[in-house]
Structure formats: C-alpha cells, structure tokens
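What follows is a pair of complexes built around subunit A, which joins subunit B in one and subunit C in the other.
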Partner chain A sequence: MNTRTIKVDYLARVEGEGGLHVKVKNDRVVDVKLKIFEPPRFFEAFLRGRSFTEAPDITARICGICPVAYQMSSVHAMERALGVTVGGQLRELRRLLYCGEWIESHVLHAYMLHTPDFLGYPDAIQMAKVYPEVVKNGLLLKKIGNEIVTLVGGREIHPINVRVGGFYKVPNKRQLLELGEKLTLARKLAEDMVRFTAGLPFPEFEQDYEFVALRHPNEYPYNEGRLVSNKGVDIDISDYENTFAEEHVAHSTALHSVIKGKGSYFVGPLARFNLNFDKLPTDIQALAHEVGAKPPVLNPFKSIVVRSLETLYACHEALRIIEAYEMPEQPVVDVRPRAGTGWGCTEAPRGILYHRYTLDANGLILDAKIIPPTSQNQKTIENDLWHFVERAADLPDDRLTWQCEQAVRNYDPCISCSVHFLKVNIERE
Partner chain B sequence: MSSSVLCVGIGNEFRGDDAVGLIAARMLQARQLPGLRVIEQSGEGAALMAAWGGAAAVFLVDAVSSGAAPGTIYRLDAGFSPIPAEFFHYSTHAFSVAEAVEMARALDELPPRLVIYGIEGANFDLGISLSPAVEAVLPALVEQMAAEILYS
Partner chain C sequence: MPRDHKPKLAVWKFASCDGCQLSLLDCEDELLAVAGAIEIAYFPEATRSVVRGPYDVSLVEGSITTPHDAERIHQIRKSSKFLVTIGACATAGGIQALRNFKDVNSYVKAVYATPAYIETLEKSTPIADHVFVDFQLRGCPVNKYQLVEVLSAYLNGRKPNTPSYSVCVECKQRGTVCVMVAHGTPCLGPVTHAGCGALCPAYNRGCYGCFGPMETPNTAALGEWWRKLGVSAPDIVRAFRSFNAYADAFRKESEVYEHPNYQG
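Our next item is the complex of A and B:
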C-alpha cells in the first residue's frame, strides 16, 4: 500500500489563513480538505440591534480587499427592505466604485499572487527580477484602481463614503476627468495584461461546472440582476436561500454552500464571463476570441485570462461612466426606516456576495445573513483538487504540491472573507 | 531635514496591538515636525509602494510578532538587508509590508532611505486596546523616531 499526503500548512499568496490536505492511496485520491482555520468572526451576530445605516461600514470591515462589495451588497439589501431605488448618476457612481475595486483586486491577484505559479517562481518578488516591466505595469494599473476607490469611496482602504441611498459626498466632473486621463493608460495596460496572461502555459484541465452569476438585461453585472446558472437556475435574489444552502463541515470554520438537491457550484470571473459574454463590449469580445478565451471557458486555470479581460472591462466601463458623468444635485436619496426584509447580491471580484437583513420599524437590524463568494466556491475547489491530483498523481510531491496550490489560487480565495492562510498537505498511501 | 520625508503608520485599529503603528504615527503628526508628512495604511503592499513613491526618506512603523518580549522596539534599515517576511506576522494580506519592501528592492525602486520601526505586540485579537507593555514604550518609540526624522 502506497499512501501519499500532500500537505500545505499555510497556503501562501491567498488572502487570509487556511491550509490544504490531500490524501492519495495507490494513486487514487481518497480525501481532500480545504482547511479554513481562521477564527469565526461573528459579524452577523453583532449586526443585530444596529441601525440599518451602519451595515455598509460595519460589513466593509470583513475584508480589506473587497470592502466595496460588502458596502454594495449591504446598501442594495437595505434599499430593497426600505423600498428605495437609487438610479441615475448615483447608480453610475456605484458602478464606478466597483470598477475600482475589480481593478485593484484582479490586478493584485493576477500579477502578484497567481502569475508566479505559471512561470515557476516562488513569489512575485523573484519574478520581478526577470520580468520587471510586467510587475511595474501591474503595480501602476492597480494604483489607478486605488485612485478610483479613493476618489469615489473617500479613501483607498475601507472606503467610508458609501451610505444607504447613495453617498455622503459626490465627486465633481473635473475630478473624474482627471481620473479619465489615467484610465486611458490603464486601458492600454489592461490590454497588455490580457495578452500576457493568455500566453502563460495552462495545465489541461476542464470540468463540467455549474456556473452561477448575476445577469442583467443591459450590462455586464456588478450590482444588480437575476441570479442565473448554465444549468437552469434563474431566480430573483430574494429566492437565494430557497435555492442555495449552507452546510457545516468539520474541517472548516467557513460554511460550504451548495445548490439544494444538486451540490457544488462555481462563482467568480469565469462564471460571470461564461454567462454574460454577450454583455461585454464588442472590442473586448473580439480580444477574448483573439487570445483564445471563447466562452464557455471550462479550464479554471484560465481564470487569470478572464480576470484580465474583466480588468479591461472595468477600465472601459469606468471611462464610459466618467465621460457621461454629470454631478448629481444631491448625493443621496431620501431613506426612511420601516419594518421589512431586504436582499442584496452583487458581484465581488471573487463572485457573488449575498446579504439579507430584516429590520424593525425603527430600522434596527433584527437578523442578518452574509454569504461570501469564497465559501460558495469551497466545495468546487475541493472537487477540482480531487480530479486534478488524480490526473497528476505521478508527479513528485513538491511539484504536485505546487500545482495544488496553483489550483486553489485559480479561485483567488479570500479566506479573510469566508470567515478569513492556506497550508497544502498531500498524504500518499 | 529633506523636504520629502514620509512616515507611514501601518496597522489595523481593531486588532489590539496591531494598532500601535497607527497610534505612533498620530503622535508623530501631533509633534508637527517641519516637512514631515504622516499617513496611515492597512499594510497592503501595492498601496504602500504607491504611497512612498517619490519620497527621499521613508519611516514605516508597524507592529511585529517575532516572539520577543512585548514592547521590544526594532529598527531595521531596509537599505542594508532584506526584511524577513515572517517579521510582520500579523497581516492577513497576501502581499504585505515585507513583500512590498523586497519587491521595491527587486525593481530597484526602494526609496533612498527606508527605515522600519517594529514594535513587538502581545495581543492581536479583535479589540481596541493596547497591551500595557506596548503602551508603555510608545513615548520612547516616538521620541526615538522624531529624533531620527529631525536629523534625516
């Protein structure tokens, strides 16, 4: 009997703390556990009794990488509970803020965390010695993303300018036009990023996934839409908890999400791209075709190319919003408390982020539910490892461990969010 | 003192002793040292690299977790030697302070002077109070940093 254990105690280059344990017996995988041991964070519990107005700033603290996503899902849920619609330029500014977060997050992950896997470097610092221009361009692009978040969100980390009903303060046209000049450069850098990442070597690996993403009639999704899948899901977000369920597993402090009666599903860039390709501008569609990213993309290792295409889209969309912008007279629409329940689901860089709140007549939170994208992808990550390791079982342990970590990073897991570093552990028998 | 001297306080206000870098930076700001610019950051590496671009001298101050006695003050000159990644243990960012310094070195973009002050923390749990041992060294730390900044 030949047992191998592949074990990574702390996964590097992911946000938060987690580990990975894979057990192989006679070249068959017998166990895979993505272990999340970040302590639970009890956000849902300490939201109870707080005012509806506090949810955007409290939940933004769940994650330093995708605070905008938390703010957006919470304000949409609250506005639905309170019967408020935010339209016009305020809605556009929310999309602009989200563009900034997608650029920041996607560029950080693609260039600093994931590319070294494909090129065989232990980290981006070693890679930077050989590919300094690539890394410099990445840092510049990310910086422009930061500048969007700083201008619209009030500051770069944990933005503070978002409120239920709109913003505290809105930028003027001149401030946005200054950003526009930088975004023209960002767009060029993002095109380079698409071509660069598309030229990386990809392991042959495709799976029959159920992809889940928002879909909106007129736009590539950020804030609004129905939840759809390639295998029959098409629901209003208020039906989320009728369709999806969370399960507790012993090896993780994050809950695993499943589609009821079916099982694992896939959220994030690949899901959005495959389900919303027709909503991308035609020049980005053409570039995707040119670099061989034709939907459906079923190889999760190619998520890095899709992340780059989405970065390009975010630059394009930010430019469109800036050009058409007219400073609204009021930064916020009128919001009055009332009893009710509201649902919000928006596209965080890593995938859909669901919030539900029930409020009393004074607008105090009676109950809160938050389901981050990484916990929704956890089961799919484990399934990928199961199939991937079986195929690559003849690799030596160090190589196999490397590829397992790379496979986890396909999902840009934000373990900080899912509760909150990743250790890989491969056991062979 | 050079006209472009930057102090960056790094930390998370809500994680016990991890706030010490932010608090030290605010104390330095209150001293109104001529020509000193003080900013606060979460420790995300790429943002940090963007923040120190163009500065002639940069002083970072952050909590560390090396196993030494709480309140121990470290002073590292990044120009001399690499910063050990595990030094700034308490960051959940995948690309953090030590990586930013070493990335800047790899790209030949280190500020002409980069000095890092680290304060050994004891408690990094959720909460907004400093450990007594960390609180006790703050005046001496700020004094030491102010003296170095004034003569930089």
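Our next item is the complex of A and C:
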C-alpha cells in the first residue's frame, strides 16, 4: 500500500498562522485539513460592555491587512442599530477609503504573495532579481493605494479617522486632486497588472461553486447591498444568520461557515466578479474579455486576474469619486445611543465580512458577532485541495506541496482575521 | 564593522493582527534596499524559504497567550543576538489582554461552541515577561519609519533614535492646536508615548493611547482633568483599557476608577 502525506507545517505568504495536512492512499485523497492555529483573541467576548463608538477602532485590530473592512462593517452595523444613514459625500469618502484598501491589499497579495508561486520563486524579493520592473511597479501601485488610506483614514494600518456617523475630519478638494494625479498613473499600472497576471500559467482546474457576494442596484459592491448567490440566495443582510451557520471543528481555531442545508460556499473577488460583472465600467468589461476572463470564471487559480481587474476598478472608482467630490460641511452626522440590534456586511478584499451588534439604551455592546471572509472560505479551500490533489497526484512531493500552497493562496487567506485560521501536510499511503 | 556575511533577519509572530510586520512590507520605497542590505532568513508572511538560525536580529510581533507560545519564545531568544519587540501586543499584551481583567473561560464559552478544542492561557502577556528583550518599539501599529530606524540601528551597532517623550511634544512640533485646551476634547496625549506623529489631534480627535504610556506619566492628573471635562468613571476605565490595557501605568489608572471606594 502506498501512503503519502503532504504537509506544510507553517504556510508562508499568508497573513497569520496556519498549516495544511493532506493524506493520500493509493492515489486517492482520504483526508484534507486546513489547520488554523492562530491563537484565539476573543474579540466578540471583550467587545461586550464597550461603547458603540469604540467598535471601529477595536475591531480594526482583528486584521492589520484589512482594517478598513472591519471599520466599515462595524460602522454600518452600528448605524443600522441606531437608525442613522450616512449619505452624500461622506458615503463617497467611505467608498474612496475602501478603494485604497482594495488596491493596497490586492496588490500586496497578487504581486508579493501569489505571483512568485506562478513563476517559481520563494518570494517577491527573489523574483525582483529577474522581474525588477514588475516588482517595482507593484510596490508603486500598492503605495498609491496606501496613500488613499492615509489621506482619508489618517494612517495605512489601523486608520484613526473613521467613526460611527462619518469621520473626525474630511479632506478638502485640493488634497484629493493631488491624489487624483497619482491615481491616473495607478490606473495605467493596474492595466499592466491585468495583462501581466493574465499571461501567467494556470493549472486546469474548474469547480462548480456557490458564489456569495453583495449586490447593489447601482454599483460594484463595497459597503452595501443584498447578499446573493448564483444558486438562489437573495437576502437582506439581517437574514445572514438564518441562511449561514458556523461549525466548530477540532483542527481549527477558526469557525467553519456553511450555507444551511447546502454546505460550502465561495466569497471574495471571484464571487463578486461573477455576480456583479454587469456593474463594472464597459472598458473594464472589455479588458476582461480581451484577457480571457469571461464570467463565470470557475478556476480559482485565475483569482489573481480578477484581483487585478478589481484593482483597476478601484483606481477607476477612486478617480470618479475624486472628480465629483465636494467637501461636506460636517464630517459626521448626528448619532445618539439607543437600544437595538444592527447588521453590517461589507466586501473586504477577501470577501464578505459580517458584523452584528446588540446595544443597550446607553450604546454599550451587549452582544457581538463577527464572521470574517476566510472562515467562510475555509471549507471551500479544503474541497479544492481534495479535488486538486487527486488530479495532480502524479507530481513529486515537493512540487505537489508547493501547488497545494498555491491553491490555498488563491483565496488570499487572512488567518489573523479568521480567528475566529495555515501548515501543508500531504500524507500518501 | 567588517562582516563576512549579510546580517540575518527573522520576523516572528505570536497573538496579533499581523499589522506590525506588514509595516515592513508597507515600506514600499525602502523594501528592496533593506532586502539588499540584509538576509531575510525567516519571514513567513513574505517568503516560503527558511534559513536556519542563529539570527542577528529577531523582530517579534504579538503577545504570549498559549502554553506552546510560552515555550516557543525561549527558543527564539536562544537563536537571536538582538531581540526587538514590535507593537503593542508584544510590548504590553495588546487588545487581547482585556481578558486579564476577566475570567478567560467565560470568553472561550462566549466565542466557541466546543471550548474543549481551545487551548489558551489565562492572561495575554508581553514578550518581556518571558525573556530578555533588547528593545521595545511601541505602537498599534508601529510607525514604519521608526521600524526602519530600529533595524538600521541594530544592523549598524548603535542605539535606535526613537524619542520617549509624550504625544504632546509631537503636537507642538506639528503645530496642532491642543484639542483638550481649545475644544475640551478628552485626550490621552499627555501620558502617551510619542511615535505616531500626533495623528489623532491633527484629525480633530483626542489621542486614544495606541502607543502606550510614556516614561513616568502623570495619569492621575490627567484622569482628574478628564473628570472636569465631564467624562464618566466607566468611560475613563475604557479609555485606559484599550490596546495597551495591561501596560502598568494604564492598568493601574483604570483600576482607580473602577475601585468600589472611588468617589467621583
């Protein structure tokens, strides 16, 4: 009998701590475990008794890679609980801030963490010796994304300017126009990124997924919309917990999410793109067609192309917001505490991020629920590995191990977040 | 100092959000130059290649919260010439140290359906509670320019130049009008370690202390000022209990306002 174990004790180029264990018996996969050993930090527990005003700053600390996502989901949940709507230019500024995070996070992942897999380098720094322009342009594009976050948010990691009801201070038109000049360059760099990533070699691998993303009547989704899927989900976000469930498994400190009565689902760039392609500007649709990314894209390895298209969209959208911007008179709308429950669900770079809070009459948090994108993808990642290893079982162990890591990185897993999430370990029998 | 090899850098993670080590990748203008001057020997967030120790400089992010991590940090200390902690988790226990004020078992039950699967310590503690630390860089997150300064200092055999005064000094340097004096906005700036460049007051909000206490802060006097501004005792407790809740000065001041004999 021929048993083979592929294991990666500490998965690299992902954010946070996790591993992977795959057991193969006579070329059949018999077990796949995505192990998450990121130590639990208990955010939902210590949020109890904190003020609603503190949630954006505290929950940002769940993830240093996508703090804006945590701030956005928390402010929307609080505003819904408190019966407040933030519209006009303040809403646009939130969207602009999110554009910055999408650019920064997508470029970090696509160029620095994922491309080295496709080209066979251990990291972007080694890759830079052969592809110096690619890496330099990537760093420049990422920097411009960070500059958006810094201007609107105050700093790139854990922004200080976001509050329930709006901002502490809003930028003036001139500051945004200066950023606009850089974004014109960024848009060009993002177009190059789309063409470059579309030319990478992709393993043949397509699966029948249930994609879940926000959908908004007028725009490619960031902060608002209904939750929809390609297989019948169409709900208000307040129905999230009636539709999705979390399971606690022994090998992970992250909870696994499923669609009740159905099972695994897929969130993130591929899901957004496949469900919202019609909301992209026509020139970006045309470029997607030109580079062969026609929806539905069912090969998760091509997520890097979609991430690049979304980066281009974020540059386009940021420019649109900047050109139309008129500085609002007040940086924040009036917010008063009251008892109630609110839901927030926004599109983090890696997929939907759900928050739910119940507040008392003084605005103190009685109960908090936070479901990050990576824990929602965890079961889908395991399924992918299951099918991928069977197909690629003839590869030598070192090659197979690397491709398994690459398959996990398709999802840009953010393990720090999923704590509430990697080692690859392939065992052959 | 002549070297026969590039100095080896390792980056280690404990309980944290990854933001402080991400600061290194956020040095877009400096990253390739830094990578040229050193050998990145262990940095799993950035590379899958691993070079064996010992290491010249180890950057440690995150706090100690599991029995396994309490062991692991000793191995890292043994294999490191200089050990530098980066960020509020590693230097003060982080936001996850809020468990230190409660019963951690109630926290496990609040988050996880099967608490038996979870292995955690009662307290989240800073690295210096476990091993000797050569230098502590503050911030939630750290300031990336200070991070480059610290790396550069240790690689060149000198002390890092990171001022230990309060955020107030940075406001003056920046020309920001005092938000507490001019607008009556409660601000932790007078007791908070510099390093952020006094960001929050420049955005019309009070400092919320993410760089932790400065050396010998007068937290008692600041607490009284906050009371005069009409801040309630529970709000003062919460203000001192955030990202550096378990740093001595902030912890003690928060306990004053929570004490049953406190007369507010």
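Convention: the second predicted complex is superposed on the first by the 427 of 429 C-alpha atoms of A that agree within 3 Å, B and C clash if a C-alpha of one lies under 4 Å from a C-alpha of the other, contacts with A are read in each partner's own complex, and residues count from 1 in each chain.
The working rule: contacts are C-beta pairs under 8 Å (C-beta built on N, C-alpha and C of every residue); 3 or more make two chains touch, one makes a residue touch a chain.
Remember, it's a predicted structure, so these values are computed and weren't measured experimentally.
Novice: Between subunit B and subunit C, whom does A:285 touch in the aligned arrangement: first, second, both, or neither?
Specialist: Neither partner.
Novice: Is A:358 touching the first partner subunit B, the second partner subunit C, both, or neither of them?
Specialist: It touches nothing on subunit B or subunit C.
Novice: What is the contact status of A:125 with respect to subunit B (first) and subunit C (second): first, second, both, or neither?
Specialist: In the superposed model, A:125 contacts both subunit B and subunit C.
Novice: A:112 in the overlay: touching subunit B, subunit C, both, or neither? Say first, second, both or neither.
Specialist: both
Novice: State whether A:299 touches subunit B only (first), subunit C only (second), both chains, or neither.
Specialist: It touches nothing on subunit B or subunit C.
Novice: Who contacts more of subunit A, subunit B or subunit C?
Specialist: Of subunit B and subunit C, the partner in contact with more residues of subunit A is C.
Novice: State whether A:143 touches subunit B only (first), subunit C only (second), both chains, or neither.
Specialist: Touch partners of A:143: subunit B and subunit C.
Novice: Mind working out whether A:175 is in touch with subunit B, subunit C, both or neither, as first, second, both or neither?
Specialist: So A:175 meets neither subunit B nor subunit C here.
Novice: Determine where on subunit A the residues touched by subunit B overlap those touched by subunit C, and list them.
Specialist: Residues common to the subunit A contacts of subunit C and of subunit B are 12-17, 38, 41, 61, 64-65, 108, 112-113, 123-126, 128, 135-136, 139, 142-143, 146, 156-158, 416, 420, listed in rising order.
Novice: Taking the touch rule as given, give the residues of subunit B at its contact with subunit A in the complex, in rising order.
Specialist: 14, 41-42, 44-47, 49-50, 92-95, 99, 102-103, 105-108, 126
Novice: Please output the residues of subunit C touching subunit A within their complex, sorted ascending.
Specialist: By the definition above, subunit C touches subunit A via 13-23, 25-26, 28-29, 31-32, 35, 40, 44-49, 65-66, 69, 94-96, 98-99, 102, 104, 106-108, 110-114, 117-118, 120, 124, 140-141, 196, 199-200, 202-205, 208, 210, 235, 238, 242-243.
Novice: Provide the residue numbers of subunit A that touch subunit B in the complex, in ascending order.
Specialist: These residues of subunit A touch subunit B: 12-17, 38, 41, 61, 64-65, 108, 112-113, 123-126, 128-129, 132, 135-136, 139, 142-143, 146, 156-158, 415-416, 420-421.
Novice: Residues of subunit A touching subunit C in their complex?
Specialist: 10-17, 38-46, 48, 50-51, 54, 57-58, 61-65, 67, 108, 112-113, 122-126, 128, 135-136, 139-140, 142-143, 146, 154-158, 160-161, 163, 168-169, 246-250, 253, 255, 331, 402, 405, 416, 420
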